[in-house]
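Two complexes are shown next, each including chain A; its partner changes from chain B in the first to chain C in the second.
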Partner chain A sequence: MIQRVAIKIDGMIIRAPKGTSVLDAALDYGICIPHLCRVPYLSDIGACRLCIVEHVVNGRSKITTSCTLLVKEDMVILSNTEEVRKLRRNIAELIVAEAPNSRAIQDVALRCGVKEVRYPFRNSDCILCGRCVSVCTGRFGVKAIGFVGRGNERRVETPFNMRSELCRDCGACIDVCPMAVVPCGGPMKTGEERLCGNCEPKMAFAEQTPGFCVWCDLGEGFQCERYAMGLRK
Partner chain B sequence: MRKINTISDLEALREELQNFRKNFDTTLVLCGGTGCQASRSRELINRVKGEVTKQGLEKKVLVRATGCHGFCEQGPIVVVEPGNIFYCHVMPDDAQEIIAETVCNGEVIERLLYTDPVTGKTIQTESEIPFYRSQDRQLLAQNRQVDPCSIEDYIAIGGYSAISKTLAGMAPEAIIEEVKTAGLRGRGGGGFPTGRKWAECLEAPGDEKYVICNADEGDPGAYMDRSVLEGNPHLVLEGMMIGAWAVAAQQGYVYVRNEYPLAVEHIRVAVQQARELGLLGENILGTSFSFDVEIARGGGAFVCGESTALMASLEGKVGEPRPKDIHTVVDGLWHKPTVLNNVETWANIPSIVLNGSKWFASKGSKNSKGTKILALTGRIKNTGLVEVPMGTSLQTVIFDVGGGPTGKSIRAVQTGGPSGGCLPIDKFYLPLEFDALAEAGSMIGSGGIVVMDEETCMVDVAKYFLAFLQDESCGKCVPCRLGIDRMLEIITDITEGLGTPEQIDLLEDLANTVSETALCALGKTAANPVLSTLRYFPDEYDAHISQKKCPAGVCQALVTYSIDPEICTGCGICKRECPHEAISGKKKQPHKIDPQLCQKCGICKSECNFEAIQVK
Partner chain C sequence: MTHFKLTSILEGRRSQPHQLIEVLQDVQEHCGYIPEEAMRTISKELGVPLTEVYSVASFYKAFSLKPRGKNVITVCTGTACHVRGAKMVLNQAIGQLNVAPGEMTEDGLFSVEHVNCLGACALGPVVTENGSCHHHMNPGKLRKLIGTLGSRPTEEGSYEKNQYHQ
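And now, the complex of A and B:
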């Protein structure tokens, strides 16, 4: 029999099977915790840091990522505090400043409340979320791509920079890539990057019930786990 | 060498070795550490040995090549015992004179003695030298007593008696209790209570457990772990053996930085010798305790010193940190309970077991016990490796041990390595200990201390450390990879005179976000250089932003070079040396720099004999 534990997220008592992450448990109950590097059913790498929550232990709260935190009896989680929202917004701002030309990333930023970007935009092709690497190695056990280099040099690469013999052309890496979704208005030219903001009205509903999943459509763009798991249909 | 099977075997060997050493009249202690090797100590050691043989003194004079003595800038160092005569800057050619004069005739060679830079007088013994006088060298002093490649030396000075005491009758719980009450906290930077870490590991379920010694030491300018591992590897091994007994581990690893060839060599020899004697392996000292150690060489990245990255690297994976929602004491190396401690932490264990927790806790401050090794560098008279009780004030370390400024007056100190912080001179009363420094926005870290004077620009310092951390960040998580990058972008703007007042708020907001949300401690502490300089030197940032000036004259874009007509003699050297032909003037008349042509290379400043070049 599956053991279940009870945890509290934002005051709501949730029961989840032992071994699930707080993020999974929350999404199951329709509590919206934004996330990006997470790919359903794969082990989490905790890289994007968008899924942060406050974990309250003995009255003191600690910021941690919910995708890597496993549920434990009587755990107390706050997913939508002022502090969490601020930090999440700042992280999303960093990401969207690198990749204004991705609709998925624009959606994440909007969902996280980014209203302005205080850094000069850079137009990167890859934001190193690692979703492709996770899918390739985690789901298919293939390792046709991986990370190389560190710091600024980090990038996703095939082994020895050649097409890997192991690659089966399954295309899963492209399916999960947030960069593969172009903004509705088409690519932005260098120097003209901006926050798209077209979907802002869609957030209105979400803003009234913060923290609860309202199937906000943005989720589809940023490949929210709930969409990816096909819960909608 | 015969195997040691019991505790009495060990004691018998010890007595034998000690008696043998009594036969020598004189001991020549020569430093052979990495620092002194750079100043030809290897050659000196060979010459001294050759000279001893030539004079037929082998039975009377013991020549001991040891690890680092700490005062590397004075190397190579030779100490003559008895008498503790301290010679510095000894060259291979001095070997003969030392043997002839000091060893045979008992004469002190005046010109090889240390000269106190303050009084100008020579000093004969180590304990009188101000640099050493204000220290408490519990760990470092042992370096002088042993040849790191000789297990006999270590045993002769009482080595491996802590493990024999342990195995003779201290239960794991008793050892852990002793370490807990001693109040030992990790020396690798975090300051986590060692006893608590061990207790958690002992309690963790599983039969297979590991202990690891972290000798990755990637901080630029730090070499305390190197000197201990290189100078006294058996001490570290003994500490690990006690730890392994306490947490019930059978296997240990020493993860040592590849750039430390001498340390790798010495620990390898030490492990080999301990195995040959039976101090590592099955049924150590005739007990049920079995333990062995392997040496692993580090991948060379700073981040590989982080606990989870180190373990990944040991497992043969990419050295990248992973989330630590489950601690490594439960889920560590190969998912087994693992204790990871720093070199210096391990080195403290044997004396805690031998002398008791009370003795250890008698040194240090309320919440930081024992001594700490520091790498003291920067604009001060004496630099080197220093060991002081925790809680010693910055003031004492910088002015008493360090001997004060070299020229310009001291204005700040940077402690804790690349992710530490900068403290201004009015904070020099602060004690060097974990909590006080953390509260002030810096940290003790692994023990790096860089002293800065008026020619140091604090914004530039923050920029330097950010650039280091940007290179060394593994790049996995967003706040660290992009956050450091953007902080560096902003700071670079400021140093180039492109900064705006709003950027200060952004910088602070970003710095806090990075420290709150980064995955590992590299990112979590990466903002320290920024936050501490913003906190203590806001005027300096302001000068860069609103006046477009760098008060210290460091930021190239913000300074102009000019010649003081009052001082300039018109000698013409600068005019000749300037590669950009920016200087003009007639012979014997004050010269001038054309700001349009000046590339701010600084050559004129270094060439001028009259200090007439002004940088403002």
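And now, the complex of A and C:
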């Protein structure tokens, strides 16, 4: 029998199976916490930092990633406070400035409420979310690619930049990559990057009911777990 | 690196993935860098995927993936050393040896590196040569140091390094 614990997210008491993360529990109950680096059913690494929530302990709140926070009895989580929204918007802004050339990233930035980008666009090919690495190690257990280097030299690479013998050409790393989702208007050239913002009308509904999943169609772009589970066709 | 030496380093550590860093440290100490061949052997013998060996080796600054010279000259370019002229000291080393930072000279005698802080800010500018520390460096002192190191017979290189310790 599955043991369940009662936790409180945004004032709502939900009963989540023991051992799941706060993000899992919230998504199960239709509470939308934006997330990007998470691959459904695999262990989370907390790389993208988009799924931050406020965790209240003894009247003090601590901001942490909900995907690496496991549910505990009588936990109090606030997922949609002013502070969280501000930080989340800033993180999304940095991500979209790093790699604007993807519909998935543009969508997640819109979902987090980014209206303008204050940082210079870099137009790089990778935001180091680690989805490809976790699908390669977690689902297939082959470890053909991994993180190499440290700090600003960190990158995803095969050993010695050669094709790994372990690679089975399954292509899963490309399937989960947010950069593989091309923007609607085609790839942007260097110097022409912008915040897309075409889907902004869709967000009106989400603003009326903040924090709840509104089946916003954005999930298809950034592979929200609810789409992965096939809850909606 | 001889195959025999690697075998003796791996002795008693085979199939123990948690020994990875210790093995890499021993290889680094023995050859001054970590050759690709050694990484492949370690991956096979310890049962760690090659990607993981490569990630660990490239993550830590203590491991070098490129061959290093007999004498490694490390210039501290931290804040305190920088304001006291570490840039000139580094330029002296680069100009005298005709080598870029992080590279090895063609004869394999020297390599020049720079680090962000050695933790001896009161003694700056600091230069370490093969692990021994030289304080209050200036381009002139470094030129003499490189001169003595270069003229030293290479066989006894590692035994005499304490002579320069201050």
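Just so we're on the same page, the second predicted complex is superposed on the first by the 232 of 233 C-alpha atoms of A that agree within 3 Å, B and C clash if a C-alpha of one lies under 4 Å from a C-alpha of the other, contacts with A are read in each partner's own complex, and residues count from 1 in each chain.
One rule holds in what follows: contacts are C-beta pairs under 8 Å (C-beta built on N, C-alpha and C of every residue); 3 or more make two chains touch, one makes a residue touch a chain.
Because the structure is predicted, anything quoted here is derived from the model rather than measured.
Using the contact criterion defined above for the overlaid structures, shared-chain residue A:170 touches neither chain B nor chain C, since it reaches no partner. Taking chain A as the reference, the larger set of touched residues comes from B, when chain B and chain C are compared.
Residue contacts after overlaying the shared chain place A:76 against neither chain B nor chain C. Residue contacts after overlaying the shared chain place A:199 against neither chain B nor chain C. With both structures placed on the common chain, the touch criterion links A:147 to chain B and to chain C. In the superposed pair of complexes, A:188 makes contact with neither chain B nor chain C. When the two structures are aligned on the shared chain, A:56 is found in touch with neither chain B nor chain C. In the superposed pair of complexes, A:90 makes contact with chain B only, with no contact to chain C. Residues 147, 149-150 of chain A lie in contact with chain B in one complex and with chain C in the other. The part of chain C that touches chain A in the complex is made up of residues 36, 39, 49-55, 58-61.
Against chain C, the residues of chain A that register as touching in their complex are 142-150, 158-160, 164, 166. Against chain B, the residues of chain A that register as touching in their complex are 44-50, 52, 63-65, 68-70, 86-87, 90-91, 94-95, 97-98, 118-120, 128, 130, 147, 149-154.
Residues 301, 303, 318, 320, 322-323, 325-326, 470-479, 481-483, 485-486, 489, 502, 506, 509-510, 513, 516-519 of chain B are the ones that touch chain A when the two sit in their complex.
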